[in-house]
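Common to both upcoming complexes is subunit A, partnered first by subunit B, then by subunit C.
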Partner chain A sequence: MYDTTSEKDVDQKTIKFSARKVQVFYGDTHAIKDVDVDIEDKTVTAFIGPSGCGKSTFLRCLNRMNDTIDICRIEGDIRLDGEDIYDRRVDPVQLRAKVGMVFQKPNPFPKSIYDNVAYGPRIHGLARSKADLDQIVERALRRGALWDEVKDRLHAPGTGLSGGQQQRLCIARAVATEPEVLLMDEPCSALDPIATAQVEELIAELRRDYSVVIVTHSMQQAARVSQKTAFFHLGNLVEFGETGNIFTNPEDKRTESYITGRIG
Partner chain B sequence: MPLFWLILAVLGLASVGYVLGRRRALQSAGGDSRKLHSLPSYYGFNAALKSAVPALLLLVVWLLAQPLIVNNTVSELIPDSAVPESSSRGLIMAEVRRAAEGLENAVAAGLMTEEFAGNAGADVEEISQRLKDAGQIVTSEITQPVMRAAQHYRAMNTTGGRMMSVAVLLLALVGCLWGLREVAPAFRARNVVENGIRALLIAAASIAILTTIGILLSLVFNTIEFFRLYPAWDFFTGLNWAPSFSGRGGSSDLGVIPLLWGTFYISIVALAVAVPIGLFSAIYLSEYASKPVRAVAKPMLEVLAGIPTIVYGLFALLTVGPLLMKVFGSDGLGWMQAGTAVMTAGLVMGIMLIPFVSSLSDDIINAVPQTLRDGSYGLGATRSETIRQVVLPAALPGIVGAILLAASRAIGETMIVVLGAGAAARLSLNPFEAMTTVTAKIVSQLTGDADFASPEALVAFALGMTLFVITLGLNILALYIVRKYREQYE
Partner chain C sequence: MNTNHILSAFDRDLEGVQAKVMRMGGMVEQALRDSITALLSHDIEMAARVRQDDRAIDELDEAVKSDCARILALRAPTAVDLRVVLSVIEISSNLERCGDYAKNIAKRTPSVGVQHDIMETGTALRRMAEFVQAMLSDALDSYIHQDEDKALDVIQRDVEADQMYNTLFRSLLTHMMEDPRSIATAMHLHFIAKNIERVGDHATGICEQAIYVLTGEMPQEPRPKQDSTTRM
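Up next, the complex of A and B:
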């Protein structure tokens, strides 16, 4: 199936991440096999697949979070804007400032809401003055669609918020460092439907400025929020393409089985 | 009947009760255990518990009560005239007990007939002579009242013992029969046994609590006794600690402040050593060390906690003291007069406390969830930024608790102070001077031939009470902080 409008659409967008022949090993386990994928700017890319298929592992390769796991070994080539992120000269700490991450469970620091959001900007010295920092925090909280709910209690502990608010706080915290890419590892799995809807709305908003990569177990969510979908199975990238195509007209048998509920 | 055989007999009755109860239960159900409410062995245990527990309880109570009753009765038999001027009733009673024991042994050895030993009209001199012949130690010539009392004492103990055996065995038998009578298919033996076991567990728990209360009460009463002899105001506000050595002079200065100051000062030095080192090593072990390093280093560090404090004391006396003397003593800076000083004891005590701080803090830092660290790394923070700004604030309440626990250890420490800090109670700011602590003074007030009724000895209880209140307060504060500020993580 060939569609001229979608090709044009793709051509307009620049490639943010390009991964080639990525292999990941956990000790002796071969967790990711030969994954090739291009992630575009200003696009939401969803990774779907059954548990243990390697989608979170691959996500964590993109900001070198796997470096914190001793037994994890990565081979292959991952480039961000054409630069190899596993190059010796790349500081993983700097990389993670550029590639923000939101986790499965909301993990606000045991600090005030303000300090949670100001954490990244403070570390990276993004604010010149207190007023500057206030502005960054406000902007991030507004982007996280949380400002109206917390503007009167910025100095209350972040752990006192509800689950959905905490997750939006974590998104605001990630946004505050002005990343170029936002990685989200099942950001809604601990949230109720209403909070999930809020976060999904937020993802659609964020797409205007960032490249967003989201790992999700919910195929409906992938269909709702993403433009591109990658289906992982047993460490292989089985299929990657336009979300609409993957869900309506999958090429691979395995993809079809998964999205119709026969496996996974 | 000797105690050993008595206990064995009770246990024997209980086992008989078990076997019979089990058999009877099966019989009552016509051999089909499914018709019983509980498994057959529960019926057996019911009978066994009912025969053994009350009987053994009675035995314990009797053994505690009988000597008291006998002593009181016999003590009344001795007329005041029989108590010499230079002696006391307590000493006479000790003599009575010795004589009674002598009689007992002589009879057991066959040197005296039962009738002769118990003969109230027997000649005192003859008896004491025969006791001496039998090789029984009789300190002085036994007087008439003492001999009569001893005979009485012996008779009472014998009858008491006999009565006890009978009562205990009877109770065991009654309990056993009661348990057997209850056996019926509808009887809920399982629940009854369950309750019995619960009672047993409660009893074990209450023994620990009652002991604590007992210790506390003995402290309280002796402290009250002390404050009757010595004004409380002088004790708590006195700036001078100078007990008179004779113990009868009555001109002692027993001010607690120099001792509290010494305790406080040495503890501060110890914590100043232990907290940074312990905390840093905990951070290294939990955040930086690789698994093999941690597996070796953590137990090694905890070995420090297993060293007896007297060994630390020796280390202070023989190694640290002379070392400090070389630097700060008359050859060096000239600040130090002798090896025993606040600094010596404080440094060594600090080393002793390192494993307390590090081991507890390590556990607490490990309990901070990995998701928080991931969140911080994900924002582009380095490891040390993550530790400083996320991990330590999250672990802080627990770390404060660990430090307070270490502080109460430091306050209660004795041996290192005795060997390392000297014995002079002094109010001074110079850490190179000898000082002493509350605990070290408690030891020195109670060792030697102190008269336990004098304020110089009783002050030890007041000191102990003060210390107890302080450490209790610290522990409560630690618990409060840990509970109040603990972040709830799943």
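Up next, the complex of A and C:
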């Protein structure tokens, strides 16, 4: 049932996102400097680094969430399946349907569980009938590992769920539009260890179908869930490699200092 | 990696377990020295003491392993910290084995008579023991001072220890062929020589760990092997 692909099997993967010479400026602040990175399909990629290193900023470039910030300016080239996502012809709303996002704090809409999940498919016209939509909602909730817990109360408000359930609801909402990539910005930092484990288990399953990029402050979480790890420091991508290597034998002294918890 | 951890208790844990392994190293060196002295001076009491003291080495080995398990569970070490913990576990096992060899030499001491013609090999045995002890002490030095050159040098020296063993093997074999009455003593002396030779291998193992902690990789070149007695 589960594929037992180990973290060693990350080579020979197709590239989903390809970023070249990416620069991000917030006004005069140079937040991301010359970042080159390839993000693979069906792989969990973790972004780690100290606060303010630019990892979330870079994540938000991947589905143009930074477009909403007026003073933010992005240079360089980011391609999804070879297509420039900053091309004028690309509709950011369509892009975000393909590149879903889950945030730090669970943020369900103040609507029913059903409507939370049905929202995306509705606005993107993915369902032709009520039965169709029911099916999409069930599939998404199953993917979010939440179906069994909520199938009897689909019309109860999403905000009435526990924190961990709310986060899984947000993941279900994100996968309902059948995205190709899932971006997660510290998805477990507001969750208890059990809910965290459930979300991590879910990430491992989602990896079979999606490319997942996760920003995390927890070294152990990056080590547990990802196959590739990128270490950001002061806006630079310092090191990018196979997770097992990064955590046993990193090449760069800055990476080593950070992951071992040293001042440096 | 000289900078300290933000969490200073982590530094204390790592330093503590490394200190234990070094203390163990000192005890093993002492045990080897005493076992050879006891053998060559036929000092049964001293040999008995070596056998008794081995228990302390074994206990220290257990303490090191349980400290390491605790660090792994509580601190989840990564990168160089993880390599230090793994190397300490390995070195502790190396030293524990060396302690056993000293104990085995001590055990055989009462059975080795003072047969003069055979005890000529005693000089060769002493020379080999001193050579291997120096290897062991340099191996521990290379580990604690993170000295890759010294570690590589000790690994190379193992060739010489193997050759010393070959020579001893040949001369003991000759004694046994010439005079069957010497067989019992010569067999004991042969096992003792083999024990000493094995200490050299463990010193090499410790050096490999020193290099692993420094570089993250085991030394590339295959360990030199000069034991030709399997073909004699």
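One rule holds in what follows: the second predicted complex is superposed on the first by the 251 of 264 C-alpha atoms of A that agree within 3 Å, B and C clash if a C-alpha of one lies under 4 Å from a C-alpha of the other, contacts with A are read in each partner's own complex, and residues count from 1 in each chain.
Basically, a contact is a pair of C-beta atoms (placed from the backbone, for glycine too) under 8 Å apart; a residue touches a chain by one contact, two chains touch by 3 or more.
Because the structure is predicted, anything quoted here is derived from the model rather than measured.
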| item | value |
| --- | --- |
| Room on subunit A for both subunit B and subunit C (clash or fit) | fit |
| Touching partner for A:180 - first (subunit B), second (subunit C), both, neither | neither |
| Which of subunit B and subunit C A:81 touches, first, second, both or neither | neither |
| Which superposed partner A:149 touches (first subunit B, second subunit C, both, neither) | neither |
| Touched partner set for A:38, first subunit B, second subunit C, both or neither | neither |
| More subunit A residues in contact [subunit B versus subunit C] | B |
| Which of subunit B and subunit C A:134 touches, first, second, both or neither | neither |
| Touching partner for A:256 - first (subunit B), second (subunit C), both, neither | second |
| Which superposed partner A:209 touches (first subunit B, second subunit C, both, neither) | neither |
| After superposition on chain A, the shortest CA separation from subunit B to subunit C (Å) | 32 |
| Subunit C-contacting residues of subunit A that also contact subunit B | none |
| Complex interface listing, subunit A residues touching subunit C | 219-220, 223, 247-250, 255-257, 259-264 |
| Subunit A-facing residues of subunit C, complex | 1, 3-7, 10, 76-83, 216-217 |
| Touch list for subunit A against partner subunit B, complex | 63, 65, 68, 70, 93-98, 100-103, 105, 107-111, 119-120, 123-124, 159, 170, 173-174, 177 |
| Touch list for subunit B against partner subunit A, complex | 290-291, 369, 371-382, 385, 389-390, 393-394, 487-488 |
